[in-house]
Amino acid sequence: MVIVMKAGATAAEIASVIKHVESLGFRAHLSEGEERTIIGMVGDERPIDPSSLEVLSGVERVLPILRPFKLASRDFKKQNTVIHLRVKQRTITIGNSEIAMMAGPCAVESREQILETARLVREAGATILRGGAFKPRTSPYSFQGHGEIALEWLAEAREAYGLAIVTEVMSPEQVPLVAKYADILQVGARNMQNFALLHAVGEARKPVLLKRGLSATMEELLMAAEYILSHGNYEVMLCERGIRTFEKYTRNTLDINAVPVLKQLSHLPVIVDPSHGTGKWEYVIPVSRAAIAAGADGLIVEVHPNPAEAWSDGAQSLTPQNYRVLVEQVRRVAAAVDRAL
Amino acid sequence: MVIVMKAGATAAEIASVIKHVESLGFRAHLSEGEERTIIGMVGDERPIDPSSLEVLSGVERVLPILRPFKLASRDFKKQNTVIHLRVKQRTITIGNSEIAMMAGPCAVESREQILETARLVREAGATILRGGAFKPRTSPYSFQGHGEIALEWLAEAREAYGLAIVTEVMSPEQVPLVAKYADILQVGARNMQNFALLHAVGEARKPVLLKRGLSATMEELLMAAEYILSHGNYEVMLCERGIRTFEKYTRNTLDINAVPVLKQLSHLPVIVDPSHGTGKWEYVIPVSRAAIAAGADGLIVEVHPNPAEAWSDGAQSLTPQNYRVLVEQVRRVAAAVDRAL
Amino acid sequence: MVIVMKAGATAAEIASVIKHVESLGFRAHLSEGEERTIIGMVGDERPIDPSSLEVLSGVERVLPILRPFKLASRDFKKQNTVIHLRVKQRTITIGNSEIAMMAGPCAVESREQILETARLVREAGATILRGGAFKPRTSPYSFQGHGEIALEWLAEAREAYGLAIVTEVMSPEQVPLVAKYADILQVGARNMQNFALLHAVGEARKPVLLKRGLSATMEELLMAAEYILSHGNYEVMLCERGIRTFEKYTRNTLDINAVPVLKQLSHLPVIVDPSHGTGKWEYVIPVSRAAIAAGADGLIVEVHPNPAEAWSDGAQSLTPQNYRVLVEQVRRVAAAVDRAL
Amino acid sequence: MVIVMKAGATAAEIASVIKHVESLGFRAHLSEGEERTIIGMVGDERPIDPSSLEVLSGVERVLPILRPFKLASRDFKKQNTVIHLRVKQRTITIGNSEIAMMAGPCAVESREQILETARLVREAGATILRGGAFKPRTSPYSFQGHGEIALEWLAEAREAYGLAIVTEVMSPEQVPLVAKYADILQVGARNMQNFALLHAVGEARKPVLLKRGLSATMEELLMAAEYILSHGNYEVMLCERGIRTFEKYTRNTLDINAVPVLKQLSHLPVIVDPSHGTGKWEYVIPVSRAAIAAGADGLIVEVHPNPAEAWSDGAQSLTPQNYRVLVEQVRRVAAAVDRAL
């Protein structure tokens, strides 16, 4: 960390800060500028709370130097993390040159609905089925998901169509249950900093799809991944699903920059969710093309056999026909950046 | 809800929307404007997902009319909710003309630290002691709280100084444990939309201090309260603790508007946290005065015997001396708005 | 507009609102719901300030129905606006199937610098040269641009390499001077709501590149375009250049959603600025690919012969070599969406 | 500035950065940490663009150390700037212990309206009259102000009631005209970074009320003030008028933190605008109390004889009766913080 002293800081204040820095086990490195004295702390600053240094007499502010994440960083691991899913003899890989195609309804509404959607997205080219059994809803009066029975229907769809399953887990005690049925555990945007949940999925032995919080920075997303990695689960996918901005014509603002930035800073696969990232089905196809052009490793897209009848997220769900169009267009863009579906 | 049709919507599209509305059990009310036709849905719209209507052919957008919260609203309950805490023969009330003064360290660091802080804030005028036993931390490498032993030390401080205890609960399975020791269960900002946790504290029989999420709207805060209320716990305090903005000179931006807005829309008490709301101890006193002047029902303030030694949040913690200054200044402002500490 | 009455609004209040609505020249359309009465105003609501209606007794809130822009909307003009620039016998078109490639330095620093950059970007495939003669700078102590002499150098580069010129104009009185040299007048992000300037460029007879403000919504961008159109200048390009968000790893967050949304709502060409949109040269190429994949009509990119020596925006400037890479990659993606450079 | 090198930066890269730093006229100060080498630049960094350093080979990022503003800072001038206005024998002072009370309509609508409002706010206790002759409006179809004739009516109100006049100026060429009539030149939020306008009011010899931009940081506000100061006009008031956030129940979010922060960082007076800061008249009074409790030097409040008939901002305008209530309540809070109206 670099400690910036106030303009009028006295020699006694500077000496006292140096003494404090040394008492924490760091070397202090003094640099006197024309207007400000700055003190560098030499050592691994990550366990130190910069806030406690700001309160020292004569200190103006404290600037961290190191990125706070370690295991999630490219400094730590140079090669891309590649995740392998085994489904009925087939292996689906995520994070190499192949684009992962995840698709399905917002919520599992019935056995028929999920089986039909599974068939349709499989035919269109998806390899992973999404669908919520436990639904985080802003209102206590909205449908909260069918729970375990929906997990069973998902497992049935897995068997029937050879699709891997990604589904959300909402609390630590649900982890064993969901892990029994799912190939990928999804941590939702509202739970990105639910540390008890991150801890629990970190101890599970299933890949995790970690969604970026509604107004989380990429650093916070990477720190949330760090929680999972630090508990021993190294198979984490980072999911950009749009952030909250002032814009009202779209539900969220998909942060396309996040794709190259996360790929540069981290070795973890980056998945894009254009359905939540835009909130309107008309924009899902062009934004999916953009995600792949920017270098994303996969897409997770909401598809419903009949969006007008969807119990949630109808406006952002594609019809199966439109999903087929999406797959074809994405295939062409993927080829233009030397990748394949 | 009001459904706005596109400029060129056909008669068939309009008829089809009306039919759909009626099939949902609503009356449809047609209004033809010069450029747009609008269709009003008459009935309780709250269980309907507007998103599913936006996808109907010819629809431009859908505007909800009703506030989505009910139990938390002043429409539902006109008089202020007043919460009573019993601590050693004394009753502390929150939500009437008296200002609730909560104070204490960010984290419970040791038995000595919490007992000493309890004594000092009690002398200064606080009636409720804060202190974290379970700490949500951005980094997995930071101190995560002492857990149950810290709860025991809090209980000891409660006995020794007659202070009620407010402390954070982070997951559904912690609720019974924390409720055994605490007078008020705190739901932290990052957990404001942890619906499993809201459900669990909704079933507890302890008052809840619900902190506004980092970039939550007031409507989302009130919907989170609605979760708790709808599970049968009516003793909820809304806590404004600053929201994330672009401003970098402060850690968060305390939303002072939230005080009169929440008091107008809801019957629940409104507590302000100027420590997180500013992030720097120098600004805590003026912003505390502002909160009371705006009509807040209480303050929750971080106080540490020695902020430079604090394990977390040192920069925003007041010394006990400064807390005494705060109490005196707040007392004068309270009197100017006909309230008292 | 739809006027939502409060839950307890009286018959007298409702009657009084209706009377007020009629006094403004509208028909009032009453709809009584279970919890709220709503009153529709039938007529062209655009000149009415909704704010004045909110203050009427018994009114809860007022919801506008119509988009506030007219001339900029697809409702008004179905076909894409195509802009033609004539440069030395050649015609450059913007807004049809061809992608417009604008490139050049942040600021015109010297005659040599701008001529050399012009040559290099021309060779790489650009057809329009950017470069600031008047620079809006956050600090009064930063370089503010060379002014008129820089415009002359730009004109010289135009002659030498057959490139059209886009350059910024900062105040109404500069418009005639800049219009003398430039093919496109740029209105910068900080001036997007400088209404005196919008008025002035609206009366000029030169195409305008209008940059979205730092935290402007698309509606506000379209309203700024409407100012220009309503003063008689129909050749306006909308430029997405990134918006301010909480993210700190990038300078701004490029709103990729804006591309399909603006193309849907408006007939005006949409240009993307990936240099300001990311703020770091490493991310400019992937985000340029994404912009074209999403449907943008052009790119405006900062290129400097030697970014480390740039007087401004060095970190986001490409070297000429990297710009050549960009052009090649963008060409492939353009082909994948049936367009060409 | 502090230059942070990448983890694997080579000795040659470090040497090259040092050479570059020295070539710019700075001393380089090397500090080798465990994971990163950092290089301090010793000298006045303000004219250097950090962006150009980030592009050097091996550099990870660049951290500025000094605040970029100088003349506006308390480091530069310890005592509060106090502004004196002379109106008909009387002197009104701003920035000392007295609270400045500015009030009046959003726009000057007619001679009668402005004279009547002037009389009413004068009786209630205001000393400065606000009212727009030139109005920045989001829509080109909205009322844009009466222009010069409105300035004449303001001058008449000044004569009749001994009120100083604050009114907005929108472009450099309007400055001489507005300065002829006004005691204070207002720069609106949308023009906070209209640098040509800041330059022009910097050369005027009239005090300036500078409004914070819609999503400007305090540093940007202070840099805008620096523009004015650096052109020789030292009488600048900083106006907090609410910033844009995700909150929808209020028009803007008044940043109450800005009051103590700006008072600490700068010697300039701080004025609060609770009308734009909330956007709803019901919240103007509590938020005005809060502003004074936090330490503001004055309030600028929209008052209209009949808000329902106001041509703009009706929802946030107080009636004269409510303004009298505001003055009485603010007077009590001012006394509680040892100040007076």
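We just call them A, B, C and D in the order they show up, numbering each chain from 1.
Everything that follows uses one rule, which is that a residue touches a chain if its C-beta (ideal position, glycine included) is under 8 Å from a C-beta of that chain, and two chains touch if they have at least 3 such contacts.
Since the model is a prediction, treat every value here as computed from it, not as a measurement.
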item	value
Where chain A and chain C overlap in contact partners, by chain label	B, D
Of all other chains, the one whose Cα centre sits farthest from chain D	A
Chain A and chain D, separation of their C-alpha mean positions in angstrom	39
Gap in Å, rounded to a whole number, between the CA centres of chain B and chain A	26
For chain B paired with chain D, centre-to-centre distance based on mean C-alpha positions, whole Å	31
In chain C, residues with contacts to at least two other chains	215, 244, 246
Chain D residues touching chain A - in the complex, by the definition given at the top	2, 4, 7, 29, 31-36, 38, 40, 42-44, 63, 65-66, 75, 215, 244, 246
In the complex with chain A, residue positions of chain B that touch it	20, 46-47, 49-56, 68, 136-142, 144, 170-174, 190-191, 193-197, 214-215, 220, 223, 226-227, 230-231, 244, 280-281, 307-317
Chain D residues within the chain B interface of the complex	215-219, 243, 245-250, 253-261, 264-265, 277-278, 282-283, 286-287, 289-295, 329, 332-333, 335-337
